[in-house]
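Quick notes on the structure that follows.
Chain nomenclature is as follows: A, B and C, assigned in order of appearance, with residue numbering initiated at 1 for each chain independently.
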Amino acid sequence: MSGRWKIYILIIPAFVFILTFFVIPLSITVGRSFYDKDEGITAVNYLDFFRERVSRNAFIRSLKIGGIVTLISIVLSYPTAMAINGMKSGKKTIVMTLIVLPLMTNPVARTFAWLAVIGREGMINNLLVAMGMRRVKILYTEPAVLLGLLQLFMPLMILSLVSSFENLNEDYILAARSLGASRLQTFFKVQLPLTSEGLVIGGMLVFAGSISAYVTPALLGGSRILMLSTLLYQRASVLLDWNMATAIAVIMLMLTILINILLRYVGNLGRSK
Amino acid sequence: MDRISISTIIMVLVLIFLIGPFVVIFISSFGTQEFLSFPPQGFTLGWFKKVISMDMFKESMKLSVIIAILASIFASVLGIPSAYALSRYDFMGKRIVETFLTLPVIVPGMVAGLTLLRIFVMMNLFSIKTTLLIGHTIIVLPYSIRITRTALENLPTDIEEAAISLGASKLKAFFLTVLPNIKTGIIASFILMFIISFNNVPISLFLTGPGVNMLPIVMMSYMEYYYDPSIAALSTLLILLTFGIVILSQKLLGITRYM
Amino acid sequence: MAFLELRKITVGYDKKTNVLENFSLSVEEGEFISLLGASGSGKTTTLRTIAGFLPIRSGELIIRGKIYNNIPPNKRNIGIVFQNYALFPHLNVFENVAFGLKLRRMDKVEIEKKVKEALELVGLVGFEGRLPSQLSGGQQQRVAIARAIVIEPDLLLMDEPLSNLDAKLRVEMRSELRRLQKELGITTVYVTHDQAEAIALSDKIALLNDGKIEHFGTPEEVYNNPKTLYCAKFMGFQEFLKGKVVDFEGGYVVVDHEGRKFLARTSEDLTIGENVVLLARRKNFKPAKKETRNTLEGRIISRIFQGDTVLYMVDIGYMEILNVEMELEMGMLKEGQSITVCVEPKDCIAFKI
């Protein structure tokens, strides 16, 4: 077709933009992480990463916290999405609006709000004092980071589940019930399998988000509870240790790419059904 | 019946968890103490006045808004034509193009920020401001494409052919029949892009310099030294602003559809 | 010379396959032509080729003696009524109809006059300010027609325009379309998969199968004397028997099936000894009084009461179950009952296999 080249005119500006300013620089970053001035091509940066206790801990902590946040998100989001699915359209819109708010709020403002809840003079501690108990230290602990990440990423899980509930034909459930399945059997044999794609996709989004978030661990975890992202910033900006910073960046990149390959795989599985 | 009420209870608790902290910070920002506390003592609007009058916040707010608007405009200019091509045609290399154009959502912001700093700023290719603009355009571009594409895919393709059969050129058909009907999607994408750019930390974190400080970064560095409720007041303002934008755009455009 | 001519046209959507190959068709000025066929037969492809939305690989598209191959679709002055109407959702009825006129830079007064005339023609005066979403399906259809004819096109193309209407409205719109077309005298190419619609509307029908015209003729010809087996089946004939040509008798061909003789019409050149298949319409089977020629015996498997007629499904030992439609006054027969039916030689057609 003579107009074929016109399609490329539409697509090339964005493509070239992303290529030059994003894909190529990223490739350079990845390439550089395997290079050392003295040793040439080497994996020494990665060996250092896993040799050092601080960075190894940050790696493990990121995975651990990401995992816990994902699990709690699943447990809380599933019934929430079910409840939302059962609502009338007007009410549903209001609840959905409230749910996306944390995603849309300035992250510093959102995280700072937690300081008023869990800080030394925050709501929880003042409540404890009022009840005659001692203050507890929540801020700058792992649970603090967990709370912050949960508030930020649970909405992704809920959105993903709500949309898979919306795609679930109510008749399947009625059909299962009419065929003699109990409520519990219907749930495990029909509803759960049919929403599992949303669950997996939501879960991966939450996990990927949690292991790469910066503001939450920076403000609620501080310099003691380091995660990959906060460690990266510390190495780059404070210590100017570019080799380590780049290695951390590549590790984060690989982790998220891995998750996205899995995501795509799950997406394809869903489509082929 | 029983099970439904349990899930409703959980939903309410989840909503309290998600929204509660915003209420707490809102109340705290009116307290008179010199440090953040809840429940606050006394009532003052002093922190709001202080925050509004501080140059560091005013300047960075201005920069953040300008960058967010410019990045959203650039992303729309790049994104709308690509969304059109992706929604209407199959062509060689479509999969690669699609993958590249969603990459900025996948790659962690910290990685992007570090890369932009190392490649463009430290090698003296671009100024920090230019790099900021490039970085923000990159991270919002996928949203322009995704939302515009959804809007286009919901639009019947034959209205363009109808316009052409009535005498319009391809370009005219686009501007006369397609654009007016995806207007809502484009506005929704613009609002979402603005919010994403305005709220971005990881890119802005690495790209700071003399006179170039984005609002969230200024807030974070202020918090390192002061623990007074002025950040609470500023947070309250930002949260209210987001509430306003989200509620308004939900009412007008149904923005959750596009997320 | 014909008004519209497609000469050995080849088109396709992807590089490997052609949907139409060496496709030819000619339409006289003022004629109403239907392209009739099942989905995938190439009828919409033909329409899109005439409209200019598909590039022609080889062959010529000629309108009024002029080659149109390289004229872009927006310069062809062809009115199109789309299957889903394709009304512009953001424009009201007036603006939709005025769209093509505005592009022709007509002055305002003229536009208003023409839009009014067009809306009068389709009976939609008073609806100018409504948006398409505020109209019923039938009204949207009328706007689509008004929009296509207001530009005074050289040619009008319609792509299954009635398929989205309910059954009653569809029949009403048929006569309306026919009236409009005759009133305006506009050459029209109409795509449909509905044979009744094609018969009711057209001056000529081109029956398409697999990118080729099986039969091009008047509705009477196509209905009564289908040229090919495919055509016959498409026009409602059903196969009921296979046999050998043994003789010719008074314009009929005599077919032998296991010693029994059948008389049938044929439009093909048959020779003695050739294998043929016999077809007839369900309503042409009658109960046989006595043992004559052209009779079939069978057993009723099931019956469907249809009001004035009853449809019987009869097992005659052929690979397909025979559908027989009989007047109710003949009395209802029971399932399981044996039945002997006959079909007049003039209602029976033979085709080579």
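Definition applied: contacts are C-beta pairs under 8 Å (C-beta built on N, C-alpha and C of every residue); 3 or more make two chains touch, one makes a residue touch a chain.
Just so we're clear, the structure is a prediction, and the values are computed from it rather than from any experiment.
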Lowest number of touching-chain links that must be crossed from chain A to chain C: 2
Two chains sharing the most C-beta contacts: A-B
Between chain B and chain C, centroid-to-centroid distance (C-alpha), Å: 54
Mean-CA-position distance for chain B and chain A (Å): 17
Multi-partner residues of chain B (each touching 2 or more other chains): 170
Chain B-facing residues of chain C, complex: 51, 53, 72-80, 82-84, 86-90, 99-100, 103-104, 147-148, 151
Of chain B, residues touching chain C in the complex: 156, 158-159, 161-170, 172-173, 176-177, 180-181
Chain A residues touching chain B - in the complex, by the definition given at the top: 3-4, 7-11, 13-15, 17-19, 21-23, 25-26, 28-29, 76-77, 79-80, 82-84, 86, 93, 95-110, 112-117, 119, 121-123, 126, 150-151, 154-155, 158-159, 183, 208, 212, 214-215, 218-219, 229, 232-233, 236-237, 242, 245-246, 249-250, 252-253, 256-257, 260
Chain B residues touching chain A - in the complex, by the definition given at the top: 3-4, 6-8, 10-11, 13-15, 17-22, 24-25, 28, 33, 35-39, 77-79, 81-82, 84-86, 89, 91, 97, 100-101, 103-104, 106-112, 114-120, 134, 137-138, 141, 145, 170, 195, 198-199, 201-202, 205-206, 215-216, 219-220, 223, 231-232, 234-236, 238-239, 242-243, 245-247, 250, 254, 256, 259
